[in-house]
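The structure under discussion is supplied below as structure tokens; questions concerning it will follow.
Letters A, B, C and D mark the chains as written, and numbering starts fresh at 1 in each.
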Amino acid sequence: MHDLQAPLVRRRRVAGDVFVLGFRAGPIAREVRAGQFVNVLLRPGPLLRRPFSVYRAEGELVELVLRAVGEGTGRLLELRRGDRVGLLGPLGRGFALDPTAGRVTLVSGGLGVAPMPMAAHQARAMGMEVCWVHGARTAADLCSEWEGDEVRWATEDGSQGVRGTALEAVPEPAGQVLACGPIPMLAALARRWPEAQVAVETVMACGTGVCLGCAVPLTSGVYTRACTEGPVYRAGSIDWERLPAPTHRGTAP
Amino acid sequence: MHDLQAPLVRRRRVAGDVFVLGFRAGPIAREVRAGQFVNVLLRPGPLLRRPFSVYRAEGELVELVLRAVGEGTGRLLELRRGDRVGLLGPLGRGFALDPTAGRVTLVSGGLGVAPMPMAAHQARAMGMEVCWVHGARTAADLCSEWEGDEVRWATEDGSQGVRGTALEAVPEPAGQVLACGPIPMLAALARRWPEAQVAVETVMACGTGVCLGCAVPLTSGVYTRACTEGPVYRAGSIDWERLPAPTHRGTAP
Amino acid sequence: MTAPPGGDRRPLGVVGPAPDWGGPLEVGGVRLATPVMAASGTFGFGTEVPLCDRRALGGMVCKGIFLEPRGGAPPPRIVETPSGMLNAIGLQGPGVEAVIRDYAPLWATWPFPVLVNLNGETVEEYAELAARLDGVPGVSGLEVNISCPNVHRGGMLFGHDPEPAAAVTAAVRARTRLPVWVKLTPATGDIAAVARACEEAGADALCAVNAFVGMALDVRTGQPRLGFRTGGLSGPAIRPLAVYLAHRVAQAVRIPVIGIGGITCAEDAMEFLLAGCRAVQVGTATFVDPNAIGKVVAGLRRRLSPEGAPPAPEAPTGVGRRHSPVRTVAGDRVVE
Amino acid sequence: MTAPPGGDRRPLGVVGPAPDWGGPLEVGGVRLATPVMAASGTFGFGTEVPLCDRRALGGMVCKGIFLEPRGGAPPPRIVETPSGMLNAIGLQGPGVEAVIRDYAPLWATWPFPVLVNLNGETVEEYAELAARLDGVPGVSGLEVNISCPNVHRGGMLFGHDPEPAAAVTAAVRARTRLPVWVKLTPATGDIAAVARACEEAGADALCAVNAFVGMALDVRTGQPRLGFRTGGLSGPAIRPLAVYLAHRVAQAVRIPVIGIGGITCAEDAMEFLLAGCRAVQVGTATFVDPNAIGKVVAGLRRRLSPEGAPPAPEAPTGVGRRHSPVRTVAGDRVVE
């Protein structure tokens, strides 16, 4: 784990209002695995850090993908090249790829794309065949970047690919399933593929296992920490009824 | 009075760590008089606005002069061209020039230079002869810009001009005396020239006369509001013993 | 053992639906143009605040006054703190006679109601103030301040416990026909009990809350940074505490509650309204943005108007109609 | 009428001189390596916080425990607020047996003392916990939490009034030879009276303060944003309130006071020390910067070291030697 002051070095748009930010943070870039995250400190900015999955790690660069939904994300998208943020990471337990499965299907809804490029990359490096199924509200919201041997799209309005959620576009046999996206999508996915690995979001304070703020309820009745035991879980292990979606209090809808 | 979003358009250094920032704020630039101030809102930034004298007003530009002493001033000096701040002003009652005096002496200690260029400019426009006496700790801290018919310097270490405070460098007869600077200097000046006009600093919340936070104790026993009845006072009217210097809680010494 | 703060530890009742806001509303005997008022001490006597959209003002509470003029506390009077400020003004101001002579006639011509914030060192002083203001044109109501942290005698002393709070309320009630609002202090072990006592003593509405007592030290001198040593903390920092206390009060009484504390934008105001308040007051935010109230009201209009309101989510309690705002409009957050 | 919060309205006594800090210090029966400790609930059981300079740690208070393991409160458990956060963790944790078995042996090998934060629903539960921990190697003291805002029974209930606070303290005192510290809640009408009661009941030190009760509502659903509905407010937002309360307590008792609330940098810590505290605890800041304590201590060292200290300004009370820090070192402010 590292706590670095990382300068913004690049930025590009990958969907309507979704941007990728690349920060120079070599030690994190070299260690991070798919599904892990960093906790970002903004100064001036809100009190707490903001957690983000690592989208890509290339050489010295750690890339994040986001849209502005509140104060922290808004400030991140206002950064200019050279501006520094605090990056604490890599944090959490990422995806555990199973090369014996031969094939992996990545299922992402909306900003759930975040951990997928690294997952695709790692899976292919292990010799797995990668199919990426990505869903969004409409064509303009689909991420323009993808990786893998095959990609499928789904849009709620049918403007590109299958009409519906990413779930409905998953080809069978799916092989190993890794997923990230809105909680209702993940809960539905858990019913169909309880063995899938899902990356979930909870509000976090520390990101390092100390505060117990990031409780994820399991069907076994206990809470675990999304930042430490998670954010990746076996889909069937989560008590989805009791896992609230994080709420925003920013200026975005 | 105007409340504007004003972009930073220029910036220059005028002494060791002292900078002049120029913001585009035409309506304020056109109205402001020497000794008046603006209350500056920084977002993101601290809750309250920060008061600053107007250093110069040229065309559409309002210039402020400052050094970083805490969070607000620190952030102001980090602004880049095009960044906007909220400017509320012009506020307060400025200097009242008396052209019948014929001659005006501007006495400034340290950042007390702030209201002087406008005062010099106005006095000369009224046909007065202007002598500016400026003191600082050492030569490097003296403001490199001055205006008027005559300038005299004073430094505590004698590195430039008279050794001592600006007070010790004032030539007699001084004519009308306008002063701005540290409270001890102004208190001493009040003993010598009770009729002098001095611009004082107090902590402020609103800057517009509502909160009563900027109390300046007068010898008559009442408090007045620095933001409304001040910040310019007759030197002899202030109860200097009971006027505390604003304290900082920033990161600067 | 008195009751615990906020009453008992049973889970709080569900929060209320947001109010219907179609036009002027009647709150505690006062007709407000909008549910957003200016808080005492942050709007002077109504003549000072520049650039404020006065059509947005639901009403105004003037700076706290005593019977006699007061000089106030020694400077420094203001210290900024993280997302907040400490103030110790010490209720500087003209006495009641000057208010009646200089301001009330003006107020009588204004389109929004003005309440006078009453302060005293004894119950009798409050009562006397009430009597003097009774029937004065321009005065639409009284806000009894039993919660000022910045005076040595009286003030907050009356607000800590139910009995003295009720005594002040009853004494004021007995001497005026004007609506009587009582402004509560957070500095009590049981704000619900104080609230109930004021209600029983005849208050028409309760205002929750005044500033919280705090202190800041100058580490260079080792001395307090305020001339009065301690001060009242206000601003966004206290909002979560104020929402909780206002909600406790709203649950404890039947009379309307006016929520106060750290409101800077429509979303902040909505929290108090959903917590059970009928109206809110904006204080510190006005120092930062003279038109803070204008912006809060504009934001509320967008939220509470039929077009702004989303398909109402299911109201878990089913109490009344629910205006759940969904469109959070960027740009109406003025400070923080 | 109970005494007003913070005792009476007489002006506060002058604040104290900053402590001499040459080396390890003895506070309430515990030998601290530095005056800066980790606050309960913000440092887990001492094994979780990465990247923290452990040589800086004066000591640590572990997460609050009960006799039995507890599941904690339903999510969401955290809400950010202006310069603060609300938490409602609900004292999730292993019971005392697991602590004795899994952590105490580790603690025994550490260079800094560990105190256990005790919680109970009845006086007897606190006493039983104390008895179980008495003599356990690795446990250097007990911090009796009569101030947790996030449990339905017990917790803060005991902290509101002098009598129950004293009862818990006396019961714990009777069952252990370990140093007993009592952690006070701000949610009381008279913190000085509670403090005195705990001192008389045998406390070795007092910790002031725990989090303040607050609430935040989701304006989209109209419901509380925390699963427990209310939570404890911590972080820089509460610092001015905590400094005031810690100062009140320090004035009321002779035993040492440990200041807690919103500390993020050396200057913040100095405020509590000057207010009369012998040591401080850092909580929320550790979430933001895992090495917050390391930075606070580094800053204090610069301030309190002979080279860092300025010519001492005149001490108005003349009580003891005065270390008035003047050099405010840029860069040691970690959060806000």
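The working rule: contacts are C-beta pairs under 8 Å (C-beta built on N, C-alpha and C of every residue); 3 or more make two chains touch, one makes a residue touch a chain.
Keep in mind it's a predicted model, so treat the numbers as computed, not measured.
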Count of contact steps on the shortest path from subunit A to subunit B | 1
What is the chain whose Cα centre is as far as it gets from that of subunit D?
-> B
Could you give the separation in Å between the centres of subunit C and subunit D, each centre being the mean of its C-alpha atoms?
-> 32
If you average the CA atoms of subunit B and of subunit D, how many Å lie between those two points?
-> 44
Whole-Å gap between the CA centroids of subunit B and subunit C = 36
Where subunit B touches two or more other chains at once, the residues are 249
Note: subunit D residues in touch with at least two other chains are 79, 83-84, 216, 220-221, 235-236, 267, 326, 328, 336
Which residues, counting only subunit D, touch subunit A once they are in their complex?
-> 41-44, 48-51, 63, 71-80, 83-85, 87, 89, 92, 216, 218, 220-221, 225, 227, 235-236, 284, 286-291, 335-336
Given the complex, residues on subunit A that touch subunit B span 44-45, 71, 75, 80
Subunit D to subunit C touching residues, read off their complex | 1-2, 4-6, 9-12, 14-18, 79, 81-84, 86, 151-153, 155-157, 160-161, 163-164, 187-190, 212-217, 219-224, 229-231, 233, 235-241, 243-244, 247, 262, 267, 270-271, 274-275, 303, 310, 313, 315-316, 322, 324-326, 328, 336
Can you list the subunit B residues touching subunit C in their complex?
-> 1-3, 41, 46-49, 86, 88, 202-217, 221-223, 242-244, 246-247, 249
